[in-house]
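Naming follows writing order (A, B, C and D), and every chain is counted from residue 1.
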Amino acid sequence: MYVSPIREPLVTGAKSYKQVTDDITKPMEGKPGKLWYAGLATALLALAFGGYAIFVTVWDGIGSWGLNRTIGWGWGITNFVWWVGIGHAGTFISAILLLFRQKWRTSINRSAEAMTIFAVMCAGLFPLLHMGRLPLGFFVFPYPNTRDLWVNFNSPLLWDVFAISTYFTVSLLFWYMGLIPDIGSIRDRLKDGIKKKIYAALSFGWTGSARHWARHESMSLILAGLAAPLVLSVHSIVSMDFATSVIPGWHTTIFPPYFVAGAVFSGFAMVLTLMIITRKALHLENYITVGHVESMNKVIIATGSIVGIAYLTELFMAWYSGVVYERYAFVNRAFGPYWWAYWIMMTCNVITPQLFWFKKIRRSLVATFIISIFVNIGMWFERFVIIVTSLHRDFLPSSWSMYSPTWVEVGVYIGTFGLFFTMFFLFIRFFPVVAIAEVKSVLKSSGEKFIKKGAQHEK
Amino acid sequence: MDKQFVFSKKMMMVILLFIIVGVLLTITGLFVSHVEANRLWANILLNGFLIVGLSLGAAFFVAVHIIAESGWQTSIQRIPEAMGSKIWLGAIMIIPILFGAHHLYHWSHTEHLDHVLQLKQPYLNLSFFAARMLIYLGGWTFLFYKIRQVSLMSDQNPDIALFNRLRLFSGIFIVFFAITSSTSAWDWLMSIDAHWFSTLYGWYTFIGMFVNAIAVIIIFLVILQKLGYMSHVNDEHLHDLGKYLFGFSIFWAYLWISQYLLIWYSNIPEETAYYVDRVQGFETLFYVNVVVCFVAPFFALMSRGTKRKANWLFYTAIVVFIGHWVDLYLAIMPGAVGDELSAIGLFEIGLSLIYVTVFAFFVFKALAKANLVPQNHPFFKESFDYENIK
Amino acid sequence: MKNNKFITGMFFDDKDLIEAIEKIQEKGVFIFDVRTPFPVHGLDDILKYKRSRLPRLGFVAGVLGAICAFLFQAWVFTEAWPINFGGKPLLSVPSFIPVTFEMAVLFAAISLVFGFLIKSGIGPGAETIIFDERTTDDAFLVVIKEDENIEVKRAEEVLREVGAEDIKLVIPMLKKS
Amino acid sequence: MKKYWKSIEEYETGIKQINDAHIPDKIQAKEALKASRRDFLKYFGFSVASAAVLASCERPVKKAIPLLIQPEEVRPGIASYYASTFYNGCEAVPILVKVRDGRPIKIEGNDLSRLTKGGTSAQVQASLLNLYDESRPKEPVYQGQELSWEQANSDIIQKLSKLDDDKQIVFLTPTIVSPSFQSLLDNFKQKYPNFKQVTLDSYSYSGIREAYGKVVGKSIIPFYRFDKAEVIVSFGADFLGTWLMPTIFTHQYAKARKISNETKKIAKHIHFESYMSLTGSNADERYIIKPSEEAKYLLSLYNELAQQFGHPITVKSGFESELKTVAHNLVKAKNKALVVSGSNNVDVQLVVASINQLLGAYGNTVMVDKETLLYKGKDALVHKFLDDCIEGKVGAVISIESNPAYHFPSSEKFIKAINDVELTVNVSSQKEETSQFFQYVLPSSHFLESWSDAEFIAGEYSLAQPVIRAIYNTRDKHQIVLDWLGERSKSYDFIKSFWNKHILNKTAETNAFRSAWKQTLSDGVFHSDQSTKRKVSKLNLDEVSSRIVKQEPVDGLEVVAYQSISVGDGKMCNNPWLQELPDPVSRICWDNYYAISPSLAKEKKWKQGDIINIDGIELPVFIQPGNHHQVISVALGYGRMMDGPNPEIIGKNIQPLLERDLVSIQYFTDVKEVKSVAATYELATTQTHHSMEGRALVRETTLSEYLKNPASGNEMHAEIEKLHTTLYKEHDYKGHHWAMFIDLNSCTGCNACVVACSVENNVPVVGRDEVRRSHEMHWLRIDRYYTQLPDDPSSLRVVRQPVMCQHCDNAPCENVCPVAATNHSSEGINQMAYNRCIGTRYCNNNCPYKVRRFNWYDYTGADAIPFNRVDATGMTSDLKRLVLNPDVTVRAKGVIEKCSFCIQRIQEKKLEAKKDGKPLVDGTILTACQQGCPAKAITFGDMNDENSEVSKMMKDPRRYHLLEELHTLPSVGYLTKVRNTEQSNNKNTQHKTHS
């Protein structure tokens, strides 16, 4: 397969196949460093704190959160949407970029998908915890019961149950199916021992047979084909939690695609935040290159701009609608008591990513890191703005109210960070963070060594 | 591969024939059925927007692929380029609606506006409307003219800097288009139902025109292939175009259902009024629209094999094209004409035939101007050396 | 059961591998298997593997999932216990779309993965033969199975002729035999 | 286990017997209070439950006759209703008490009363809870030592007889409305010649009485007829809230302002006041004056009227020109006009009386022949009593329910003086501050445990009968006095014979008497049309007016003290339902506060919640639009101890501010010193935003507009109705389709419905902290908005709107519940399956009306997890739980709840109709809010029944629905408010219209 010489190599440092395996599996061998232990300990601490906050929530009741009769959802659902959004990058990278033949996905899809799975786990916690009666949460499943009562298929929350669990399952399968050849690689590097046995079991007996590869590729493509609309559907359905209502600021038709764009936007930001650190810590600079970062930044600017246009569209339509409630909702967003949240959102989501129009910034790791964190913050506030500022002043001014979180809500949020990073630290320790086989498959077309060769050949 | 397209006399005659047929149909239509002024103007808007949409969709296709540094599309780039360079033609076709605005846009009757429409006056007034129209059409025409110009220049000049200029203009075009595609859809289509609003409307309209442009690109491609050109385009390219048609048809359906579901669900009269008009007065077309625009391409292009068959693709593309014509019809007629006075008769068919064939004529002319494959394109070679995963 | 004998030859470049395979096939020798560290393009064509039927499986499962999900929802709302929710029609088709779609995807994805695992004979705890541990690293292995048509020696010879390195005879020990 | 609860039959067999036979009961009760909650339940709750069942299996009531239902026997699970009378020292209201399984669980108005027609007030509704108050005195106590009733009584009798002849025996009581009790006291006076009766009212109306002493020769309060008035002018009389008898007045007022196709006339209400009162907020025209100027205003009005009538005028006071139009209105209405004043100043009331005389109101809107028998206290006598105490002339003070330590105008002086009195006895059914200063504390029964009667307007009688055996070792007041008199008869016998002799005028123990008595007891009310003719004499106002004119104008801040709608005079302070009731004007609960005008706040740079100190009393500031710039208004009745798990003093008692050396207490005073305190206090409020933001929520019109077009102010309804497109057909409601209508023109915002709803539906009380967090649980709230034309503060008006679940047929909440816990019934009710609810609160988010309430904590004790109950007010104590309505589920933590249209009542009546084989008659089903409403503003019925009231209202041009443009199709409808004014604030409302 020919690749144009003006394209940047995706693997630098003139790597051979063997070097690829060696480089990527290196962090898993030997004793983990102090940094790793410190990180894991911090994550576990946060997790424990979150656990305590969850205990308080369940034991005392949702009253331990800052919600009230007007604002039924606050940090909890904000965090839910935020985490689900972050959980969109992985599958987007592996599925949609696969369909669009974007080869640069190979270096980052593995870890991005892992993040997806962990983020969805974190996200899934919130709809459970925000229930007033968590122990009866199983009512949401349509199971035959003595009352002969099923569930309400009209409810977007119920759609969420299906969407999130399907998304989690499919993402997990997709991720794991991609992982087995690499687990096979690790297995084959290990000498006999318990570790080898575990990896052997985990590898499902992967052999690398050409027949298996053919089937694997075919399956991956179809899975990608399925996962692509799935990614769209998940955040679309999440958006419908709001958009199906009649609440001004919630009920707007642009929500499904705009939420998806926002999700990819925030997901990419989170992947960037973590990958910039990880590539440094695990010495993967040759695999996750500045070129990769730039490509991701391009996605960020695209999705960020889509989100920005959606903001403006909403704003204009609120005015254009001529509806008192709609108009007020948007004026209130910008100039009401929560104006600061709105302007944080606007600054972080619309203005900062525009810096990526400059190639220098797009290719600067430091700038990217900072902007990615801005985007993470901005996207959190976007959900906060949508949920809280829409609810706190809706139709009847008599019920207007204010909301601020309690330590319990903050604690649960911190706890999900603990969960996410605990999983992430374990992941980088026990699994290869870059898809070994996939990088090898593009090495010839996009490796530095081969591109140079190709270019010479042409001339 | 370096074959230059020759717009033969024979072809011109065929196209002329089509135009004549169109004119005859139109005139017959005018005599057979009573065509109200509203219906006349609505059809002018429909066809004008159709042609603008085709050019714009194609222009966007080119720009987005340039900016995304996509390789495969180099092989067919000249077709959307030719289409995109005809935005001026669309502009000529759509600008006349300014003279029929009173027949199309309820809000232009400033003498008796209700409260809500009065509130909208700062935006919905004829002079601002006309100004915006000129900005949209002028902007698109100019920016795409630059893209086309640079693209043609690079046929002679292998300088990579030209490619960077191409990227720059594509970028500007996309930014401009991102905003104006929505606002123009609000202006020209959404404001027909002046009270109604939907935030998704702009994007929905955009996806419609994009899918339609892809369908027409396929149609042109297959026609050229039948005429013995574009032999360099292989199954892989067809496969990719098929995937596009398939994928964006699904995406169109996704936006369609998103808008419909949310409005259906909340059932607020100020929003449902739009769909009630369509479901009640145009029930068959309403469902036909979904079937033709989504179900048909979905099943037709589901399998790998069909995407790689030129004929199969060609006919699917025609079906999709008709589907999006219906989509536009549904966007315009219920509000501008109403279910009692509108119909799809000889007049509609004839008029659209005229517009489409005139457009085709100019596109063929544009195709004849340059090599069918962009020379010196940095992804030129890459475009012919790739393979779809099975 | 008799233990099969396999002759393996190793390559270190996919290009070499493909050239070698083509040569081996010219000699009329059946290639039992090829082991590669990553999917090598065009290999399945050369080895004349049939196109996988997994897509069809996925399609059928997806359609089945969609139909089941839709019919179930319709049954619950109209037959099992018709309840008026917010004045919506009992058969509220638009409401059923999300779950129908999700179930279609879920059915398709699960059947695809299981189809792949079952068809490939791999899975948790599956026993497979690994001819050479380098094949998951950087080595490309051509495997020829000894049978009536080809003897071990001939196979080794063929492999050597096409430039394979590290030619070996492998007799896997099956635990259960 | 012993029966603790007894039938009333046994009650009659004698207290002595009961006391002897049931000592364990006493011990039980004592133990119960000491023991832990769980033990309490074991001893008490269980025995209550079983005893209640046992008791009800017997034929319990021989003499107390159930009113509505007279079954062969009382069956468990079936409620009985007993007629009785509510009287708390302020107003008296004939009531019905709903008793289930031996427990009174709800109070309704007695619809046989021709004065209230079944109306109640918030206090009436809530008074039920005081019955189940654990802080009530439970045993007779002498100097902190418990003793038996016999011991206490004999001690007291002995001490009374030992008193010197020149020492007075003073009975200190609030106004006694019970004629039989008054006769008992008269008997007492015969036995003890040095007996003296002093009436101590918690709020003085002495001024009116004194004035009428001059006008008609007897110090009466006339009976006002707001229903007969066409023009009502009130000077600071909060007659819809607290003035005299607000429940009756609200009923009258609503009648006078009811507008319908038949009567297209409404009374015009002009209100002068210094702070925003409930009544003022309902007025058509409202003038803000300083309290110190009220007299002058009235005098000017008098002069203006006299001039317009061509009568001689008196000394001018300077406001004549301002009052021209008001006077003109009055003159037009002539004898159909009514002027009232809330002042306690004799001079002021004399002017008012003269104005009414000028108008010819006597015999029409002011009845002097039929006097009001409330508030009989006279300030002069109260002062005299205090002086007597100080001078040592008093030998015994027996306080009966009057709580002088709190209510006495100079309570500190009183407390000091009382120390030297030989014998002090406090008879009380509630915990009182007085008890700690008195030697004897005798627990009297709650009015629901007592026999009594009432004549609150001459000729209007009402009986009170016990509906439960006394919970503690208490005796009713009649019985206590009877015992002191040494009479062997029981209170029931005494009252019966008293009625026989004096009221029913029948020969004893004849059949005629028996049936009349039975009927009266069953009806609860009795009236005779006898009246005393009184001559109204013409007054010369010159002396009065010169006194008024001479008054120096106050140039500075003034404090106005008023009674709040919820807590009133403070007697019912210990009542969580009332404490959590948001004030209808300020929407604040759980505290009193200094209400100031926004302009004063701006001037002084005070923000809401800033604590200020006025002459030694610190309270937080509340910014109240509609207050006079120089007026600080503050509620009386606070500063009392609230019992419960966390006993605390609620608010501050501001009575000390009013203690000037005046004979007659005035409820306003000038401020000597105001200091800002560097502290803030968060007031608990249920509404923080007060403008409708241009939304057509409350729709109103003026009378003249209405007469031109009955749909005026509601034009958008027809337009919206036209545009009601839908993407799916509405469901058919084949049987009933319940609907409710609220006439915004009738609703005064009195809050009776809110409490009625809470009582009926076991709505939890959450406490101040939870209200601060907007966690209040009321299913029904009364939204209050201010409207004002731009740049015209005088155009400030108040509109109110009771909002409960709207039972939308296209309910946005139902769609989104994932577990189908809320859905639509076949009769159009938006229903909640509490046991299915998992608490996602999604429904609440989606509710445009925000009427759903979430159980944030375990407020009720229904949660499965132990030790997590959040019950700030002790509402889950085992005794208080007896008040729960067994027909309504007590909701657990984490569950959404909301108005159910009183589904339990609907089912009950449907079942009855089915059993009787008759179709359900419109008006049979009354929701709790509807039944409690004194203004009859709420109508409930079946809109499928073409002849029902609600069906008629569906066709009323005033009909609209809240947020109807959303097409939620609410089953609750509203009728526009019609103001009798020229100008309307309606124009300010942005109408959303379509072409």
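By our rule, contacts are C-beta pairs under 8 Å (C-beta built on N, C-alpha and C of every residue); 3 or more make two chains touch, one makes a residue touch a chain.
Computed from a predicted model, the values in this text were never measured in an experiment.
Visitor: State the pair with the higher C-beta contact count; candidates are A-B and B-C.
Guide: Of the two interfaces, A-B and B-C, more C-beta pairs touch across A-B.
Visitor: Please compute the C-alpha centroid of chain A, do the same for chain B, then give the distance between them in whole Å.
Guide: 34
Visitor: So the centre of each chain is just the mean of its C-alpha atoms; given that, what is the distance between chain B and chain C in Å?
Guide: 42
Visitor: Mind checking the centre-to-centre distance between chain B and chain D? Centres are C-alpha means, answer in whole Å.
Guide: 71
Visitor: Where the centres are mean C-alpha positions, what is the separation of chain C from chain D, in Å?
Guide: That pair's centroid distance is 81 Å.
Visitor: For chain A, jot down the residues that touch at least 2 other chains.
Guide: Chain A, residues with two or more chain partners: 1, 149-152, 154, 156, 158, 214, 217-218, 229, 240, 244-246, 322-323.
Visitor: Which residues does chain C have that touch at least 2 chains other than itself?
Guide: Counting only residues that touch two or more other chains, chain C contributes 41, 44, 51-52, 55, 83, 85-88, 92, 95.
Visitor: Residues of chain D that touch two or more other chains: which are they?
Guide: 728, 810, 812, 815, 817, 820, 823, 966, 992, in rising order.
Visitor: Mapping chain-to-chain touches, which pattern fits: line, ring, star, complete or other?
Guide: Shape of the chain contacts: complete, all pairs touching.
Visitor: Tell me, which parts of chain D touch chain A in their complex?
Guide: These residues of chain D touch chain A: 687-695, 697, 770, 773-776, 781, 783-785, 801, 803, 812, 815-820, 823, 836-842, 844-846, 848-850, 852-858, 863-865, 868, 870, 892-896, 962-963, 966, 968, 990, 992.
Visitor: Show which residues of chain C lie in contact with chain A when the two form their complex.
Guide: For this pair, the touching residues of chain C are 12, 14, 33-41, 43-44, 47, 49, 51-52, 54-55, 58, 62, 72-73, 76-77, 80-81, 83, 85-86, 88, 92, 95-96, 98-99, 101-103, 105-106, 108-110, 112-113, 115-117, 119-130, 133-138.
Visitor: Where on chain D is chain B touching in the complex?
Guide: 720, 723-728, 810, 812, 815, 965-967, 991-995
Visitor: Using the touch rule from the top, collect the residues of chain A that touch chain D in their complex.
Guide: 59-63, 66-70, 72-73, 127, 130-137, 139-140, 149-152, 154-158, 161, 241, 244-247, 322-325, 328, 391, 393-402
Visitor: Tell me, which parts of chain A touch chain B in their complex?
Guide: Per the stated touch rule, the residues are 1-7, 99, 101, 154, 214, 217-218, 220-221, 228-229, 232, 236, 240, 243-246, 251-257, 305-306, 309-310, 312-314, 317, 320-323, 458.
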